[in-house]
Amino acid sequence: MEITVLAFGIAKDIFGGASVTVALADNATTADLKTSLEEKYPRLKHLASYMVAVNNEYAEDGGVITDRDEVAIIPPVSGG
Amino acid sequence: MEITVLAFGIAKDIFGGASVTVALADNATTADLKTSLEEKYPRLKHLASYMVAVNNEYAEDGGVITDRDEVAIIPPVSGG
Amino acid sequence: MHPDLLRYSCQVALPGFGEASQQLLQNAKVLVVGAGGLGCPSAQYLAASGVGTVGIADFDTVSISNLHRQVLYNPSDVGQLKAEVACERLQKQNPGIKLVPHTAKITSGNVMQVIEGYDIVIDGTDNFDTRYLLNDAGVLAGKPIVYGAIYQYEGQVAVWNVLNKDGTCSPNYRDLFPQVDATQIPNCTEGGVIPTLAGIIGCMQANEVIKYITKAGEVLAGKVLVFDAQTMQSRIIKIGTTTKTNITALQKTADIPTITATEAKKGLANDTIELVDVRTDQERDEFDIGGMHFELDEVEDNLDEFEAGKSYVFYCSSGKRSGEAVKLLQQRLPGVKAYSLEGGLGSWNQD
Amino acid sequence: MHPDLLRYSCQVALPGFGEASQQLLQNAKVLVVGAGGLGCPSAQYLAASGVGTVGIADFDTVSISNLHRQVLYNPSDVGQLKAEVACERLQKQNPGIKLVPHTAKITSGNVMQVIEGYDIVIDGTDNFDTRYLLNDAGVLAGKPIVYGAIYQYEGQVAVWNVLNKDGTCSPNYRDLFPQVDATQIPNCTEGGVIPTLAGIIGCMQANEVIKYITKAGEVLAGKVLVFDAQTMQSRIIKIGTTTKTNITALQKTADIPTITATEAKKGLANDTIELVDVRTDQERDEFDIGGMHFELDEVEDNLDEFEAGKSYVFYCSSGKRSGEAVKLLQQRLPGVKAYSLEGGLGSWNQD
């Protein structure tokens, strides 16, 4: 299945846009999504941590993603 | 059908809460909703005008409302 | 780097901004109408970001009961003209821009002239009359109005009258609310307002101005943002791309007869006037100076209490609600002489 | 009405507020850490609303390049301690409250003592080290932290470590982001920030504090608000009701060796040090003082350029990014002597 992932903060720079599309196996989990994204965008892994939100809820690694879900990558932000 | 109407601003005072439920005929329009609300809450009519938003869109009088819609009453606000 | 540009380096570094955008801000002329809860924060950020000319229009003076949300003023400024104090403070904050105070009350007679020199206008007013007047003037003059309004924990933001690519204009205030009975809608004095809401909405207005001028991001044209500071939920309501109203002339500003506290005291001593309190029951309980009492939204139901030929002086805390009551009487009971106590109860003990 | 209460009458009139809530604000002690883009507006509204004790912690001085979003300061304040200038301004704005400047840098050695006297802490800092330190100290001391962070056009707000009814605590920063590589995330100097975003997020932080103290409205506990100033869209992300992290001790603050501009110039003359610029290519193009050049996030890939036994002075515009580079070298190349240019390039021409 194809998942559109919304990008926030520095993830916009890393993805080169406000969203990217990734191909995932059916029944893929949040962990699978992260692995796939980190392979394609190694800089994402370098952040050390970032939040995955599915339907405006913090997604644990084991949660299953479907193609009806809204998925967002929200990295930490340091400015003040 | 039963419609839950969300209240904003002075409509909260007029309805006595953040939402009210009104019974409407199937295929009722925004104008029907207004008539029904103004009968039950005459102070609403005294405002002279207020906005009805259906699914976060300004609702014209002729638009049909269904029970799957999110309906909000947004009166004018004067403060600054 | 040029020292002027160093001040703005952290916004010039933004994607889609750059030195050209800073120059657009420097060339821009922005008018803030109402130097109150919304005008204070919006003017602060316009000045900080380097808008070249910031006009501030307000005829009112600093009042102690507004300091909880009007963060530009100190208690030592009470009684001074807000527009002048605001310009003085902001000039110190950014000596590189021009600040222009407008201290005359905005009326149908002067509004076109006041907004003439500006590119865009922030509506930070606290009453419907001036909101409609500004809106209509903006439409007639072809200038966008950045609207903001607050009540208790809720705020609204929108940008009216933006020129669309096809030559039409985006909706304006009258598309949303064709007319309003001002006596039915409480203002901040009656209903209260959380100060941080004024800050959030005022900053959002300045944000829309900066986006409009620099073309960085989409402005709230054809949309109204409604924000709730209790739940922090906000929703953006689509209201269409084109205005459906046809505004061809300004409505004449009502001329509200006022009376000073000294004159009113003399009238009371001579028994030639009668007082009418239009504040809330709660305000009345705490303190009053006598006379009849109807809350503003109840005046209409009690018109038979007023006798033709007699003179009545309406009062509230600031003169705003009593002014609305006088307008109502002018329309409904032209035979009755109605005055508003100038400056409200705040002026009663000063005279 | 008592004059003190008159100042707050427009918020006391709010439903669910009243005089008892005003007394809660008067009794409250709130610490604002970071008197920058977020701390300026949040402290302004805390002071305006009558929070009885407002502490302001910042060791830094007013800098011209931050004035576009730090609205409490004037160019004439440049070089003065931000915490002191802020307290002085806010004391004039509200003489009825107590303002306490804290001008020592917050470290693992003093943070528990600094926050001890306060009920709730606003995190308005500009770096990850202090964010984690404050978060962990809040958890250890059982105090809520009102988090705010900004970058370009985006901001985040949340309230960490709120006591739940069942005795557990709401999530904290480490539940969201267990750790961060600070060299990979640009700050406001590099990536830029729109000043009005700082105003909006800072006012939201003060808003959460007022709601927490007065219990008027639900605070953002177990949630993070993400706001986009370009589209004005905001979303609230649920992160669960209870923290899953177990914080038992503070991480020791890194000790970053610094060197003054005078010392660095002497070292250059004697050929005992080498300069390393860690700014962006764009900043480098405009001006530089020589030496090697790697953008901060590229330092890690170029560690073989540094020789053991040699001394390197890293520089950027303010000293923040060069400090991160020094920390990286300390970890990865302990044999290399690394220093950060104190105050960044801003100090280079002053000495």
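Each chain carries a letter (A, B, C and D) given by its place in the written order, and its residues are counted from 1.
The definition used in the following text is that a contact is a pair of C-beta atoms (placed from the backbone, for glycine too) under 8 Å apart; a residue touches a chain by one contact, two chains touch by 3 or more.
Just so we're on the same page, UniProt names per chain: A, B = Molybdopterin synthase sulfur carrier subunit; C, D = HesA/MoeB/ThiF family protein.
Computed from a predicted model, the values in this text were never measured in an experiment.
Asks: With chain centres defined as mean CA positions, report which chain is farthest from chain D (HesA/MoeB/ThiF family protein).
Replies: That would be chain B.
Asks: Return the distance between the CA-based centres of chain B and chain D (HesA/MoeB/ThiF family protein), expressed in whole Å.
Replies: Here chain B and chain D (HesA/MoeB/ThiF family protein) have centroids separated by 44 Å.
Asks: Express in whole angstrom the distance between the two chain centres, defined as the mean CA positions of chain A and chain D (HesA/MoeB/ThiF family protein).
Replies: 27
Asks: If you average the CA atoms of chain A and of chain B, how many Å lie between those two points?
Replies: The computed centroid separation for chain A versus chain B comes out at 39 Å.
Asks: For chain B, write out the residues touching at least two other chains, lowest number first.
Replies: If we look for residues of chain B contacting two or more partner chains, we find none.
Asks: Where does chain D (HesA/MoeB/ThiF family protein) touch two or more other chains at once, residue-wise?
Replies: Within chain D (HesA/MoeB/ThiF family protein), the residues that touch at least two other chains are 152, 188, 191, 193, 236.
Asks: Check the chains against each other and report every pair that touches.
Replies: Contact pairs between chains: A-D, B-C, C-D.
Asks: Quick one: which bits of chain B touch chain C (HesA/MoeB/ThiF family protein) in the complex? Just the residue numbers, please.
Replies: 8-10, 43, 46-51, 53, 56-58, 72, 74-80
Asks: Going by the contact rule at the top, pick out the chain C (HesA/MoeB/ThiF family protein) residues touching chain B in the complex.
Replies: Residue positions touching the partner: 34, 36-39, 124-128, 131, 148-152, 154-156, 176-182, 184-188, 191, 193, 198, 224, 226, 235-240, 297.
Asks: Can you list the chain C (HesA/MoeB/ThiF family protein) residues touching chain D (HesA/MoeB/ThiF family protein) in their complex?
Replies: Going through chain C (HesA/MoeB/ThiF family protein), the ones touching chain D (HesA/MoeB/ThiF family protein) are 1, 3, 6-15, 17, 41, 44-45, 48-50, 64-71, 73-76, 92-95, 152-153, 157, 188-197, 199-200, 202-204, 206-207, 210-211, 216-218, 220, 225, 229-234, 236, 282, 286-287.
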